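If you scroll down you'll find the structure; I have some questions about it.
Chain naming follows the written order as A, B and C, and within any one chain the residues start at number 1.
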Amino acid sequence: MSLLVAKNLRKSFGGVKAVQDISLEVEPDSIFALIGPNGAGKSTTLNLLSGTYQPNSGSLSFNGQIITGLPAHQRVRMGIARTFQKIRLFKQLSLLDNVLAGFHIHHQIPFWQYLVPGSAFWHDWKRCREEGLELLEFVGLADLASQRAGSLAYGQQRLLEIARALATRPRLFMLDEPAAGLNGSEVQFLLQRLKDIRARGITVVVVEHNMDLVMNVADHVFVMDHGEYLFRGSPREVQDDPKVIAAYLGGELS
Amino acid sequence: MASAPLRPADRASLLQVPRQWPAYLVALVAIALLPYVLSTPYWRGILVVCAMNVMLALSLNLILGYTGQLNLGQSGFFAIGAYVTTVLVKSYSWNFWAAALIAVICAGLVGLLLAAFAVRLRGHYLGIASLGFAVIAYQILLNWESVTEGVRGIYGIMPPSPIRIPGLPEITFSNPVALFWLVGGIAFVVYVVVANLLRSPVGETLRAIREDEVSAASLGINPARWKAFAFGIGSAIAGLAGCFYPGFVGTLVPDAFGIVESFTMMAMVIVGGMGTMIGPVIGAIVLTCLPELLRDFGELRLMVYGLALTLVVLFMPGGMVQAGQMLRARFSRASSGASR
Amino acid sequence: MSDTLSLILQQSINGVYLGCLYVMVALGLTLIYGVMNQINFAHADFVTVGAFTAFFVVTRFATKVLGLPDTVAYLMSIVLALASGALMGLLINATVFGPLRERGDELRPLIATIGVSVLLENGQLALFGPIPYQFDSPFGKETIRIGKIFFTQQSVLVVVCAALAIGALYWFMKFTTTGKALRAVSQDRETAGLMGINQGFLIGLTIVIASALAGAAGALIGPVLVLTPFAGASVVVKAFAIVIIGGFGNMEGTILAGILVGIIEAFTVQYLGSGVIDLVVFVLLLLMLVVKPTGLIAERREENV
């Protein structure tokens, strides 16, 4: 059974039709790439999937359950996490504090211990910090754990966002142009991390512009153009399809 | 791209549980001894005002400093605490402590209601609604004369009623020392509880909302609910401070609860150091005591506050706490340089 | 014409007159919000500054120093009040909004403007004292009568000025290059910046225009206002309410809402007395927030993620 199913999603802003009639299925334990030239509506689609935007019409289901209309923060509880195209870190907080915020839905502390800490509180405190440090190690930022997030280099900030989102222990992890602004070696590191995430049993959806990343890592590719469905298939099929080539050449070279 | 792995020493320090007992002990001793160090009735009165202002600053800091929501309505919640307690005691002969409890609950509920309205919307709605609330609260105090006596004010208000614990002598609060121990003690408890709350995952949640609501939502945080929560707790604490105000002053007039009061609280939080625990305490103490030391300023006091607030926000947003940290850093650089 | 009908008409006209005053104040607020998502809490104090400027021009400068007749003095005071407002706008942009612009912090500029507001109010208190000042507009002396409806030349002047201001603003926004650039910035700052539009200059210009409007409104509202350094406070709640009801950043909505609030105030004062007006406006505001939070006309704008 598909993990995430979208049917006939539509989204307009004022008069502009950003997303028209998009239907897709994401299979579990795969990496699903959503690509298209600039302005294709990829980010908007991701926002619809994550609940940041609500569709004008269409339906969305996750794990068999309808989630259309569910606000973003509730989708996280169901196991959907995401990162943003424009980096949205908690700049004044340390790296570790950023990641710790991601454990929000997983705390199990009796209410009164928030006011007067007891053993359950400290147990949770330690466990979250250990797990947080592990996540920072996963993205290679552990030695900067107590630094202010705003002081990181751009590529490092992207990785921190990934670590933070992973703290929610998602089933489905969606990334919005994670490679934007990264240099060659950073992209390689990112690719490896995505594969590792998939290996951990987390399904990945990537909106991406960068063809290299997509070809190297994706199991399934979905192409959009001007808000509409263009083509879908394996990376090889997509690369060879004339419509896709035309769309990219006509729009922008990747 | 992978940077060096974490050294075991660094890891251990990050996992270490913070210990605050020493600082808390010092604070308790200070509260016990201060009325004897500053032993004139005048200064003992200032101490009580300090304690109330500390509570107010902490309450505003929760909403403004930690959750990042502009709140200009604290004066209104302070007023609810003061007036509900006083009216219940004077007009309906309630016991002070029962009345105070109800007053605090009232203040918290009103705060929750106000937040529930404005908080689902983005932008500055909450700040403006809080401003409107402060203005309206003041007008209600002025105009609802059957209950509040309006401008004439309520007179002859007694301090908190004595506590009788079987087996112990009666604890009265009619002298300034005992009153300061009461209010100061409550302020201390408020500090400890709020500090615990903000060090817990709740604090992480509120700070996440302050930094970026949209990505906070992407981590499962419901911004509306938590903003309302912070507002409710903050307003309840402001109400708690308000319960002790009339008994201390003896009279109750609406003029003590205008926007100016809200603004003064904001100045305390920001000049002290917004978003830290100790900042508001410092700000409250400094901004309460300084005008007393500079009595001649009088009317210029507010202008100085306004100037201080603007300058701090523009040039040293972390307030006195940030200034202190910078001084300490420079000191340690200087001393390590000298030892070479 | 029956008595009740003429009464209703009278109050409506009073309401429109009041509404025009409020629109001039609120337009500035909504302009600033539209172009940089910020609220200037000192805006209402700019109105007070304008009113004081007008006072001194009318009662001292124009008449005693320059020996001009009353009517010219008053008109001159409007212009000078507008200039004083513009100056305040320039200052606050240079000291607060400009330096903090790049940080992307929403809260700090807000708090800074609160600080400026307190500074202005208490500064004026130190300069002028707490006792209300009073000056009359020479246009308010005679009443014009049409049937059973009374109004003064002042009301006509106010409506004309407001209409002129709004008209000029519209023309500027829709037909000049700078105006169009301004609209671009208010819709999408990032892209506008990428297209080479100088945001800093435009935002500064907006603030100056908005503050100038506030200053001019101060001169027009001066004769009917209790003119103390804290006069702005009485206007600020209504101004915010109008901006919210009309929709943040929405010019048409603000104009509509301003007139609406003016009319409501006229009727409320007539039937309920002047003490409750703030309460009524606030309740209206809360209702608005519950029923249609984005304002009368504004469309739901989802944040650009």
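Some observations on this one:
Everything below uses one rule, namely that contacts are C-beta pairs under 8 Å (C-beta built on N, C-alpha and C of every residue); 3 or more make two chains touch, one makes a residue touch a chain.
If you're wondering where the values come from, they're calculated on a predicted model, not measured in any experiment.
A comparison of C-alpha centroids places B closest to the centre of the full protein. Look at the CA centroids: the one farthest from the centroid of subunit A belongs to C.
Rounded to whole angstrom, the centroid-to-centroid distance between subunit B and subunit C, based on C-alpha atoms, equals 34 Å. A separation of 45 Å divides the Cα centre of subunit A from that of subunit C. Rounded to a whole number, the gap between the C-alpha centres of subunit A and subunit B is 40 angstrom.
Residue positions of subunit B touching 2 or more other chains: 214. Looking at subunit A, residues 52, 84 sit in touch with two or more other chains. For subunit C, residues touching at least two other chains, in rising order: 305.
Touching subunit C in their complex are the following residues of subunit B: 64, 68, 70, 72, 117-118, 120-125, 127-129, 131-133, 135-136, 139-140, 143, 214, 259, 263, 266, 270, 299-300, 302-303, 305-311, 313-314, 317.
Those residues of subunit B that touch subunit A in the shared complex are 1-7, 10-11, 14-15, 17, 193, 196-197, 200-202, 204-205, 207-208, 211-212, 214-223, 275.
Across the complex, subunit B is touched by residues 37, 39, 95-96, 99-100, 107-108, 110-112, 114-123, 125-126, 233, 236-237, 240-241, 244, 248, 275-276, 278-279, 282, 285-286, 289-290, 293, 303, 305 of subunit C. Subunit A contributes residues 50, 52, 71-74, 76-77, 81-84, 88-93, 96-97, 100-105, 107, 109, 113-117, 121-122, 124-126, 128-130, 133, 136-137, 140-146, 155, 161, 164-165, 167-168, 185-186, 188-189 to its touches with subunit B in the complex.
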